[in-house]
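In this document, chain identifiers A, B, C and D correspond to the written order of the chains, with residue numbering beginning at 1 in each.
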């Protein structure tokens, strides 16, 4: 198979990484055993645009075991693990990915997966899907459907559907309960702080952490920041979320006010221009800025570059910007998602569930694509239930079952006090 | 106005309670000022069946200020605060409620509110609504709609709608984000433990608390039990909820297994027969049992009465059951909802939001009832937003607003990495 | 035996309370069984000045079972449980205590226990010991020694010893690891918040709680306030404690600054004038003030009375003070210790350990008083170990034991890297 | 100056690391400015044996600014940061350290610092001090005194003093409140989990973490493990500590029982053979083992090597041991302290305080060595106060001061209830 990766000699190291991930992803392993003979994706081509990490390698292996042919690229210029990419290439998997892509290279890789003429797309952030719609009108007609992994991507695709521009049905894997209530909360929460630790080795205890956004990711991040001993300030634009943050014991205020109080700033909003020049000018000497949202537009790097007198990389992935008055601000991994660019992304255990949803959603699209409108669809509820059930089983956790009397009770409405 | 309460001489004490609640319910106070002249409920009769507490008194005053006439009864035989009922009666409000109702008296009170010929019903647990449908076919035709406060009630009314038995539209106040994400989590969480403290004065630190159900109420209770220093075990029937409890750091297992480990058991499922004879027989000497769900069917009192050799009330609201082998189990407030029967129910601050939703939902029904099907409806999303906004305002918490560029960004889908 | 209590007819209710406490105090029960025949305190008279509660009743029963004769009074005008006092009186125990003592009555009760000519004193706050030294020079000569239960009392007695005024040895029960690390942290933490709940029914989630003092009690209170969903501000005079509070994730600032931010204020310093006029004038409308320290001097009630335009009791134990500008401050139980005056004091489970220390310390004084200087002594370390061991045993928790090789290893110093 | 490091070309990278650390160690920076002219250590030679990290570099620079000459080695074969060592060497500082020392090389490095004829020793784990006593009888006579950084080292030196073998006074820096209550709790807590994250990228949420030892380090680790969403089991040999862990909401049991429940095991006892063959044989497939105590004897690597059928390094610092039945156990960094060997050790912010204590203790020894017995001494209490005060100041946190009336109050003992 064709491929383009950084360095094939890293394959052995990559293989060990994949092997390690496999020990932590029992649901995917179980699915691989279960579907290897049935092969529900036999003969279908899947184009994947999703961080090329050890966990994704396990997903690709599952897709292939289920009969699919795959062509893969990364969905972020800084997130590819080059050794894993090498290991995949050595296994003769079609992969176009390396860490440190230019914008042109980034789209060149995406184009390769589209030109492989997929029946299904699997996307993370919607770059593949949007590119497909914009540049490949001829190839798009054969696509049965696609999936989307992230909040940001789902938001883009919904906007596209509302604009009448979407041409094939999308399953919003992100919105599965067993995805966003786990991956986005526990995965992003831990791995974002992990990325900050690796790039700064800062002590969280006693610090003030400002988290922008109290959605799934924001809630995970605040919980972990508090768990490491920080005070947490939350900024929001949604009143109900702001109120929840308050009731959860966090300080809530405008970013304008938070700017001068924070030691560490983490954005997780899915929006742009969350931290700008005005805020940066109020910050304390030594403040650390980073982003856990999908795109690198939440912390305005442009603004920071503009107001800084000088800059230098003081640790890998940690750039010191000195303002004219001598204060120093530290930007992590260029404002790109800190958990992937500075650490290893979500831990395998939680991606295990997200990718099980990807797998089931592709099968669902393959089966039902003819009856699905070209809009964004929710995952079927029984899929959520099944993924949760399988995960509990691999954790050897038993739960209660409703007795027939209880089921009866829940249907009744006449019996009162 | 006609009324029936325990003792009118308690009115002064009740008035002070209401005055105290008023200091903690700024949203309702704000609404009272705002709607006193406009009177959006002028001329309408509201039948209310909801715990007669100091907070409910503030709601009734708001409804009257908005032009409504009200007739009120309690929705639980043990939850009426007799002094508050007296204060309402003294204010010439039609109220039928006292603590310690028999089943007959309970329905007699409900019937009084129905016979007052309401245009709207406001319910908590659905007893009023169900009774109305069963016994008053002639009066029901004039009803515009009703609201429902609880998870349990909404569940009953959905079952009723599915059976085609519901005759007027219901707004599920319970399902408002500003209700169930606050009242059920923070309100039930704190007040349930408060009820246990008042009836036992037990030390939570070092204890094992078993919580049945990890819905909104269960999540609130587990958070507070942990916050008081307990280890928490969760039992569930839903795999995804069980998995969330696991990821939140709790032990998850079957009740059968949890039974022998727990020091304190709290049910919050909305189901029946959650703790039964089989479980009780495995419990440790000294175990405490109580319920935070709407109906007193979660802990099987029947089973406990059956297997006990003797019983006595060792503290108010705390009955010691001695099993034949000498082990002692302690049942709180007869298995009725421990937060209302043993403490004072949800704190005013959080009911402030729930009742603002009740108020807006009644206005909504009054305005739109003609176009609403006789099924269970969600609250309009802008109502949620408005309630949250008003609550933040009274807390003097400012939040960010989207700039026009940000709004633009959120609509775009083309800009990628 | 002579006695003076409020109402002997409350004895039955008191007996049930004591019975309930017994189920939660397995260490004292175990000691009672163990020492009933040996009677290590046979023939000795003990004067006790310690809150007359259900737990103290269990201690008195233990002292009597161990051979002592006792004369008892309360150590706080508002903390006596009248029903328990009645039950003790009915058991023919010498007790002088009722809730709501005047200052004169308070000392009259203490004097009765001194005039009973004790060999040993058991004190809580040091009022008995100080009174004994000041008024009874003749009787004091026969005293072998005494114990002291609280931080405040130990502080007073150390000051007394330093001034050369102490005439008999004191064992600082408070400073036992199995006392102050448990009773003061977990006991005061939970019961103080319980007292606030009972007098206010306030929602802690989303509130800002200001805790003055980050000693044992302060740490317990902050942990529980956070556990209930509050933001916590700590004030301190000790730099190291202030720094610990910071690292534990709390805001630390001067009371002057905290005053305008807090919704609830709790003092736990052992000092006087912690919250004064200057602070009160900055507080928000609706702020709640209370004290968890031994004496009612931490919140300056005098200052509050001075600056208030009017006051009224709005709930039992909760007095509303209205300032000239209309703001209202709420003072709980007259600034006396909120956990005892507004709730039931420390839960039995933790007093179980404190009182085991009282028991062992009295035996220790009886055995060794001749060789002990008239200063404040620490409890013997093996006593701490023994109390902890017994508590674990009653909780059925097994722990590891050092192997002989491990003991050897710990003695060695030569083996390095 | 002589030196031996891995690779001088790493100096630039090391210098940046040191520069970064400097931004996080304001107390040491403040001391450097303050003592540069006074030079309280002028003319004294200090032999240091302490992890050669970026923070230690700041300490060495402080010692030199204060007039001392230094000779330095690492105190652990795996903890030297080679780039920092290179930067120090380039600054002409005498340093003997590189990552991956053999046992012989380790002692060769120590010997170099002793042969530099120090007046003072600064130790971490006591290897330098013990070696000095054993091999250099002639040189030891000129030593004024030494300091010790760790619990383990203090324990060894106390054993040595008790055996009458200690020849010069030691100040137990470890036991300073501003050291062990901060470094050991917040520093070890965060950095140990950081080490596990870097070597495993495991998800802590939902896992069961077994922590052996509930001393300062153990308490820090349990708090952080819980903060990341794990259930925590504690094992202990001390009853009072076991009871505290219980009251803090952790499960306490014997290691024998914990072995089959844990997903991750972390030892922090200061003892040997805490996890042995018997425990390993009961563990689940996939269990991770590591150590946060000073020496690599807590997890018995010997036993693991003995029972394993095969092993391989699956990630850097993470070795997979396969047992004959196929179960796999993962040992991190050879059982050496995981926070230093797998991450970067304690964050600078907290070492800032520990090293301020080192600095003050050396000055104290220089001044008072003639009057100090050759035993282990506590740091003077005013030193603790001063370090805390300086740290608060650099954090810009103001605290209350006792008024003269309050000071008076605290001295009085007569005023009671």
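As a working rule, contacts are C-beta pairs under 8 Å (C-beta built on N, C-alpha and C of every residue); 3 or more make two chains touch, one makes a residue touch a chain.
Predicted model only: the values in this text are computed from it and were never measured.
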{"item": "Chain pair, A-C or A-B, that carries the greater number of C-beta contacts", "value": "A-B"}
{"item": "Chain separated most widely from chain B, comparing mean CA positions", "value": "D"}
{"item": "Whole-Å gap between the CA centroids of chain A and chain B", "value": "37"}
{"item": "Whole-Å gap between the CA centroids of chain A and chain C", "value": "52"}
{"item": "Where chain B touches two or more other chains at once, by residue number", "value": "186, 205-206, 226, 229, 246-247, 395"}
{"item": "For the chain B and chain D complex, residues of the former touching the latter", "value": "205-206, 226, 229-231, 246-251"}
{"item": "Chain B to chain A touching residues, read off their complex", "value": "75-77, 103, 106, 125-127, 130-131, 134, 155-157, 159-160, 163, 165, 177-178, 181-182, 185-186, 235-240, 242-244, 246-247, 252-257, 270-273, 295-297, 384-385, 388-389, 391-392, 395, 397-403, 405-406, 409-414, 416-417"}
{"item": "Complex contacts: residues of chain C adjacent to chain B", "value": "16-17, 19-20, 23-24, 186-187, 189-190, 194, 197-198, 201-206, 223-224, 226-229, 286, 313-315, 318, 328, 343-344, 346-350, 395"}
